[in-house]
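Chains here go by letter, A, B, C, D, E, F, G, H, I, J, K and L, matching the order in which they are written, and residues are numbered from 1 within each.
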Amino acid sequence: MDNVYKKIEVTGTSAKSMEEAVNQAVARAAQTIRHMRWFEVTEIRGAIEDNQVAQWQVTVKIGFALDD
Amino acid sequence: MDNVYKKIEVTGTSAKSMEEAVNQAVARAAQTIRHMRWFEVTEIRGAIEDNQVAQWQVTVKIGFALDD
Amino acid sequence: MDNVYKKIEVTGTSAKSMEEAVNQAVARAAQTIRHMRWFEVTEIRGAIEDNQVAQWQVTVKIGFALDD
Amino acid sequence: MDNVYKKIEVTGTSAKSMEEAVNQAVARAAQTIRHMRWFEVTEIRGAIEDNQVAQWQVTVKIGFALDD
Amino acid sequence: MDNVYKKIEVTGTSAKSMEEAVNQAVARAAQTIRHMRWFEVTEIRGAIEDNQVAQWQVTVKIGFALDD
Amino acid sequence: MDNVYKKIEVTGTSAKSMEEAVNQAVARAAQTIRHMRWFEVTEIRGAIEDNQVAQWQVTVKIGFALDD
Amino acid sequence: MDNVYKKIEVTGTSAKSMEEAVNQAVARAAQTIRHMRWFEVTEIRGAIEDNQVAQWQVTVKIGFALDD
Amino acid sequence: MDNVYKKIEVTGTSAKSMEEAVNQAVARAAQTIRHMRWFEVTEIRGAIEDNQVAQWQVTVKIGFALDD
Amino acid sequence: MDNVYKKIEVTGTSAKSMEEAVNQAVARAAQTIRHMRWFEVTEIRGAIEDNQVAQWQVTVKIGFALDD
Amino acid sequence: MDNVYKKIEVTGTSAKSMEEAVNQAVARAAQTIRHMRWFEVTEIRGAIEDNQVAQWQVTVKIGFALDD
Amino acid sequence: MDNVYKKIEVTGTSAKSMEEAVNQAVARAAQTIRHMRWFEVTEIRGAIEDNQVAQWQVTVKIGFALDD
Amino acid sequence: MDNVYKKIEVTGTSAKSMEEAVNQAVARAAQTIRHMRWFEVTEIRGAIEDNQVAQWQVTVKIGFALDD
């Protein structure tokens, strides 16, 4: 059978940067998912507190191979 | 680690209203998911029978916090 | 021949609710169309008068089976 | 000069229904804006608390005529 | 309770055709999911090797009924 | 007068392939429409039964010339 | 019953301008449709011949009131 | 501080042409806004009366520099 | 071999009108491209100077046949 | 009354990074707006000078609570 | 330097199938482009003649690696 | 003749950041293109290896002036 992949959608957060938010999303997903191959950013948002960006919230679709 | 959220996509149905359809989706998701925080409506459809709306079908993305 | 469906786009209106606007659209379409099966909401707008929502305008695509 | 309209984007909230959320948005906008003519729903979201929809959040673009 | 459905996103692949790629996605999903009802194609891509299409990659959302 | 075209939206179905579904849509439309010139695929979906693709459902917009 | 509107999609063409193409679409639709109220431009394309724009092709959705 | 711009959304109207509608939007905005730099057309609609285009309605986002 | 076409994306500009901007884009492309067949408008923007539209910027995808 | 929020669209710029551009947008908006709660990135562009990225231009919608 | 890829947009045609149309696009592109890696289907259209699909027209973006 | 611009689509990659990926895309394009003026980010993806983001892949449309 040819490979089949599943995509899940995860939102990572970070006080520091968009990249860090994506890294968090991938790191957390790694706790339960194996064979992750790629991600696609689908949304970039964030929280504002005290007139400053308090949190970056980046949503990614993560694609991973399903075991045969 | 900053919070990470997962989004799943669920379609609720109701013979009565769009709100009821969303409520059904959230209630059913609650049977297996904890820490639900928000939803986003992504699609509104429905079934027609005997020339009348027989069922509202509202799809929502539900965001919930992943445990650390 | 497998079934073939046609979709038409209709805007229903109501002073009361979004559901009522869709019901109006379906009821009116039923005067000339048979075998309606489903609808898809494509746009939600409305009129404002005297600082209040005066009319809900909901556009739906209605799918119906074409007779063989 | 032909009429010119401005559109602003407002998010109304309600514990009860989507229509109520839009009504709230329009009512609040009426405190500072005159000559409102129409609205367009651009986003439907909400908050979930205790496994139930706690708040409907409906974003509308509101169009109003600019005085000459 | 009215029916509730969940949608998951799966990418099937095939060296032969788009239909085969979708079939692969559905067949693989069937190993762990019951009550699948419909699919929606959301993306069609592919790999090119030696100046030829080497693999069709079709992503589908698969809707399935959740047990009560 | 320059040519004017109308577009209608039709969903063809087939147990076999996407192309066959489009062919069905065009063949059925031909029973009542003349001067068809082009089509645009707007949606690809399908039904799943017994863990297999049971039906391809392809929606096309069909453009045809209006007689003067 | 509140008003109900139908939208049809028509492509007008003109060698001269986009406005003329829309005018053509509306004029042709007027031969068979009554109570037209508004239009929405959904696509602007055209044909090129001899390195020049030979034809503007503007597609509009035309909304018209359905008689009670 | 680097430059910051604000975008507002304005709908201009004209009985004559799309360009004139945009000109009206910009001219009206100029009564209250300074430092306008660019516009982006986001929607083209219009009103039909007596089977003819009676009014072009073009919505633009207008970007202008905020003073430091 | 069936015909194959390539699409390129070009932004034409004009102080006068949208049509003129497209004409400029096509005329310039003609200096290096042969067999142009059609265009699709993908974006309409412009520059504002002294509170007036100073330049129309219309982006088109231009399709042209590739020689065998 | 339930809370009502307004969204404005602001483009921040920075020679350094996307995050910095968003920070600039929020900082500038803070000069005239209170109760900012969240932002949504809607567009990422930039200027190129001397074959290098000279400026990041990130557009955000900023949501803020309206006072009762 | 990390790899950089260019995407071009090509429309392949075929009297037979969508896959064949994509194959044609890739085969023709191979005459002038090296290092093609992937494609993304962006549009599916076709021509109708004598009430039948006469030609499938599938547009793909083709990604290829740029030489260092 | 008014200025005419061409847009090309390029994907830059970087192990480090999104900004770096865009810089790579612009730097590589500079080897063959002159008069680059602006870019627009159209897609953000990436590769995952060993449960970590291994590569940022940012696609930009680059606009450059065509010589007269």
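By our rule, contacts are C-beta pairs under 8 Å (C-beta built on N, C-alpha and C of every residue); 3 or more make two chains touch, one makes a residue touch a chain.
All of these numbers come straight from a predicted model, not from anything done at the bench.
Enquirer: Which chains contact both subunit I and subunit L?
Expert: The shared contacts of subunit I and subunit L, listed by label, come to K.
Enquirer: Average the CA atoms of each chain to get its centre, and name the chain whose centre is farthest from that of subunit B.
Expert: The most distant chain relative to subunit B turns out to be I.
Enquirer: Quick one: which of I-L, E-K or F-K reuses the D-J interface, over half of the residue-numbered contact pairs in common?
Expert: Looking at which residue pairs coincide with D-J, the repeat is I-L.
Enquirer: What's the distance between the Cα centroids of subunit C and subunit E, rounded to whole Å?
Expert: Chain centres of subunit C and subunit E, defined by C-alpha means, are spaced 31 Å apart.
Enquirer: Between subunit A and subunit J, what is the separation of their C-alpha centroids in Å?
Expert: Averaging C-alpha atoms per chain gives centres 22 Å apart.
Enquirer: Per the centroid of Cα atoms for each chain, what is the distance between subunit E and subunit H, given in Å?
Expert: So the centre of subunit E lies 44 Å away from the centre of subunit H.
Enquirer: Quick one: report the Å distance separating subunit C from subunit J, using the average Cα coordinate of each chain.
Expert: Computed from C-alpha means, the inter-chain centre distance equals 38 Å.
Enquirer: Going by the contact rule already set, what residues in subunit G reach two or more other chains?
Expert: Only 8-9, 18, 27 qualify.
Enquirer: Where do chains touch, given as pairs?
Expert: Pairs satisfying the touch definition: A-B, A-E, A-J, A-L, B-C, B-D, B-E, C-D, C-F, C-G, D-H, D-J, E-F, E-K, F-G, F-K, G-H, G-I, H-I, H-J, I-K, I-L, J-L, K-L.
Enquirer: For a test of understanding, state which residues of subunit D touch subunit J in their complex under the given definition.
Expert: 8-15, 21, 24-25, 27-29, 55, 59
Enquirer: Within the complex, which stretch of subunit L touches subunit A?
Expert: Those in contact with subunit A are residues 17-18, 43-48, 51-53, 56.
Enquirer: For the complex, which residues does subunit A have touching subunit E?
Expert: The touching residues are 1-9, 61, 63, 66.
Enquirer: For the complex, which residues does subunit K have touching subunit E?
Expert: 18-19, 22-23, 26-27, 30, 36-41, 62
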